[in-house]
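The next part holds the structures, each set out as structure tokens.
Paired with chain B in one complex and with chain C in the other, chain A is shared by the two complexes that follow.
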Partner chain A sequence: MLENLIWGYVYPNESEIQWSILIVLYPYITGLVAGAFIASSLYHVFGKKEIKPVARFALLTALSFLLVAMLPLLVHLGRPERGIEIMFTPHLTSAMSGFGYIFSFYLTIVVLEIWLSFREDIVNKALSSHGWKELLYSSLALFSFDISEKALHDDEKFARKLAIIGIPSAAFLHGYVGFIFGGIKANPWWSTPLMPIIFLMSAIVSGIALLILLYIAAMKIRKHVIDHKCLQSLAHYLWIFLILDVTLELLEIVSMKYASREDIDIINRLLSDKIGFTFYGVQLTLGIFIPFVLLLMVSLIKNRETLKLYMISISSIFVVIGVFAMRWNVVIGGQEISKSLSGTLTYVPVFYSQEGILPALIIFILPFIILLVVTSILPPWKDMEEEPS
Partner chain B sequence: MQPHLKRAFTILALIIIAFIFVRSLVVPESFGQYGWYRGDSVKELRNLTVNYAGSISCGEENCHENIYTVWVKDRHKTVNCETCHSPAQKHVLNAREPLTPADDSRDYCGKCHFKRISRPETFPQIDPEAHGEDLRCVYCHNPHKPWFD
Partner chain C sequence: MDITRRDFTKIGCKIIISAASGTAIVESMFTKGIAAENPPEGYDWEKHFWGYVVDTRKCIGCGMCASACKMENEVPFDEEVYRTWIERYRVKKTINETREEEVEIDSPDGGIEGFEDDIPAEEIKKAFYVPKICNHCDNAPCVQVCPVGATYTTKDGVVLVDYEYCIGCRYCIQGCPYGARYFNTEKGTADKCTWCYHRITKGLLPACVQACPTGARKFGDLKDNTSEVKKIMDEERITLLKPDLGTKPKVFYIGLDREVR
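Right after this comes the complex of A and B.
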């Protein structure tokens, strides 16, 4: 059976693909975090008022996904309890050793940012509720109930500063994931300095698309009208970042093909035989080209809000799927070519196993459950349900 | 600074201090003594009991000299005695200590000789389903002198 999965000459230690679907999921989830955070920064830092209805919701989305971002890596480890060692004794010559610190720093920023932007609501709830709710909200308010105008103004100023630090840290968190792949010089499919920025752009794209979908879903569930101005503004940013994303992704492929170094034969085989469908079909056509056209039409069509809503929803679904395919093509594709450059391998996902599809599905569903819990404690609906001015 | 911000930063500082404290407890003292590992592990590894005696000790003292001379000249000379016959240090020190019998199953030979695409073509490999009719390999092949002419 192994013979059918292998073509050409491969090294003995390559016959098993080590980085499975969980390692595909890890950059996908961190990407969604970075994207959602940057979407919220459009309001918090750049003052784009039309994004306001989803700005705080985006922060909660980022937190929910951030809390599970390390899970795929921990489940992938044979000895998850040793994962913390990377923080206790980080080996500074390895890019991987920065993960714990970068992750913790970013988590602190996101938590602080959420706390500051929800503090007024938290204090109001603490003062108006009783029993365990009073205790919960008072603890969240750190037993400091000052919501005078001056205090709130200071909070806002500080939150803005945090968001300014937050953008480079979100970019760093995700760019760093790309750097880990881009820094593997033995693998021609990964080794490119463009990798961090490609990862970052696709992260922003997937984060905004997810935010759009969650916003539409939340409004449908809560039976409230959608703020089309906000939605179309998000769609507009999605379209802009999509252009940057596709430019970089194509630039990488085109320069690889044009330079035609000694690895081009195996890259061509990878693109035609191994990941042809997921790369050209899902990542480029479904994930970029179709949403690009649909979103372009959204900005051209006047009125017809329902049609635009459908077009934006479909684009977002396609983008979210397309970015997953991109992560798959990078992580799995890179391992399907042998380091001999004259052979290919095949990754066959299994369902029930520690590295299987089932744990990946569970990990992917978790952030939505966390989001449900977090939004019930800190409801962001007030912003969304205000009448658009 | 507003009091609530002071509290938030105090909590953050406490978390960082707790991390540094836990780290100081968890990371062994000898970590980094020689390199990026626990220095004491060198001492511990040195004090581990020796289990393997090495193939030469089997041929010494006229114990297994005959089979040793056959083996040492043949194709399996790179596969040490203890690879199949189990670790022998106790047996070398005290001949009454028996060895675990060698594993002569098809699967054991197959660890090296079942066909794998990653093995060099010239390396002797068999398709276990097509070769040997499920007989144990040693039925036809002498593991000490495996080569057929």
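Right after this comes the complex of A and C.
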């Protein structure tokens, strides 16, 4: 069977694909985190008032996904019990070694940012509840109950500063994930200096799209009207970042093809035989061009809010799928070409195995459950349900 | 309450930072004793610097080296993993539309059982074998990318994996441009050729070199001017695999053709 999956000559040790669907999930999830965080900073840092309804919700979303971002990597390790060594004895020439630190740093920022923006609510809850709830919220408030106007003002100032640090670190968190691939000179499909920035743009795009979907879903579940101004402004940013994203992705392909180095034959074969559908079909057409046109129409059409709502939702669904395809094309695509540059192989995902589809699904569902829990402890609904002005 | 919120945050941050760095320091004190620091007993690794020569003109594709390696190093015979293997290149007489030569490359089961003649001889213009092995690169990308330093270069120029330390992330397998690494499912770690480090540090040859009946594989000390490998280096025209990647391989080839990568 293996023979049919292999074309041409691949090095004998390459007959098995080493990085499976879990490693596709890893940049996908960190991307959603970075994107959601950057969306929230549109309000926190750049003062885009239209985004306010989702700003705190976006932070909770970022946290929920961030908490599982480590999991796919950990599950994939051959010796997961030694994983923590990355923190204790990092080998600094490795692009992967900084992960633990960047992750922890970023987690701290997100948690602090959430704490500051929910502090008033937490204190109010602590003061108005009894029993274990009082204890829960009092400890969440770190037993400091000062919510005088001045204190809140200080909070806000500090939160803004944090968010300012947060943007570069979100960018770093994800650009860095791109570098894990971009830094591998052995692999012609990965090794490009554009990789970090492509990863970052697609991250922002996927994060905003996810936020849009979650916002619509939350409002539907809570049977509350959607703030169309907020939604359309998110859609607007989605559109802008889509343009940046597609420019870079095309630039990469065009320059590879134009330079036509030694590896171009195998890259062409990868694009035509291996990932043709997921690349041209899903990543570019479904994930970028269709949403691009739909979102353009959204900004042109006047009124007709329901129609626009549908168009925005569909675009967002397509974008989230498209970005997943992008991660797939990078991670799996890069391994489907042999480093002998003379052959290709095929990744066949399995369902039940340590690195199969099942653990990937479980890991991907987890953040949604976490989000449910976090939003029940720290409901962000107050701003989301203010009557749209 | 006289601790203000701000103080609280400050103190908290300090505790977290010092705890984290403290643990890291203590931990690294204990883990410093990894293999990279300790050469085998009775062996001075400052005195040697090993190199490997493959004379492809002499290889007959018998596969003795590859099976000797699997036996010597307990590399599973029933898995598609190899510390060394032999590639066969057959350049066909037919010229395809792009006027490029058609080259058939194969390495069935790493060449362990030798090769079958499945293309009639009159269709073949030229054919040759290329034994492959870890290049023990002087500027090894596998060492560079290992996040915990489990892959390291010894003082005598051999690239090794510390199996007690490797976390099995397989980044090095991605990073090696030559396909020299594989995943050892039993150990849960990366694995590869060691140039038979357990043998060479006792003055023996690597198993593959020992097993080769034609002398296509040679191993020796580059610090020793009288060694055969050093002499070949000084007198012959040598090529490297993928020199443009800057990995500085220490497996030196004689008689490579242009289609070999």
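Just so we're on the same page, the second predicted complex is superposed on the first by the 389 of 389 C-alpha atoms of A that agree within 3 Å, B and C clash if a C-alpha of one lies under 4 Å from a C-alpha of the other, contacts with A are read in each partner's own complex, and residues count from 1 in each chain.
Methods note: contacts are C-beta pairs under 8 Å (C-beta built on N, C-alpha and C of every residue); 3 or more make two chains touch, one makes a residue touch a chain.
As the structure is a prediction and not an experimental result, all values here were calculated from the model.
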Combined model on chain A where chain B meets chain C, clash or fit: clash
Which of chain B and chain C A:S342 touches, first, second, both or neither: second
Partner chain in contact with A:I184 - chain B first, chain C second, else both or neither: second
First, second, both or neither for A:P379, with chain B first and chain C second: neither
Touching partner for A:D146 - first (chain B), second (chain C), both, neither: both
Partner chain(s) touched by A:I6 [first = chain B, second = chain C, both, neither]: first
Per-residue contact with chain A, leading partner among chain C and chain B: C
Partner chain(s) touched by A:T89 [first = chain B, second = chain C, both, neither]: both
First, second, both or neither for A:S15, with chain B first and chain C second: both
Colliding region between chain B and chain C, picked from 5-13, 41-49, 167-175 or 185-193 after the shared-chain fit: 5-13
Contact residues of chain A, present in both the chain B and the chain C interface: 10-12, 14-15, 87-89, 91, 108, 112, 142-144, 146, 151
Chain A residues within the chain C interface of the complex: 8-16, 18-19, 73, 76-80, 82-83, 85-91, 93-97, 99, 104, 108, 112, 142-144, 146, 151, 180, 183-187, 335, 338-343
Sites on chain C touched by chain A in the complex: 1, 4-5, 8-9, 16, 20, 23-24, 27-28, 31, 80-82, 85, 87, 103, 105-107, 109-110, 132, 141, 143-149, 165-171, 173-184, 187-190, 245-246, 261
Complex contacts: residues of chain A adjacent to chain B: 2-3, 6, 10-12, 14-15, 87-89, 91, 108, 112, 115, 119, 141-144, 146, 151, 154-155, 158
Chain B residues within the chain A interface of the complex: 2-5, 7-8, 11-12, 19, 23, 26-27, 31-32, 36, 116-119
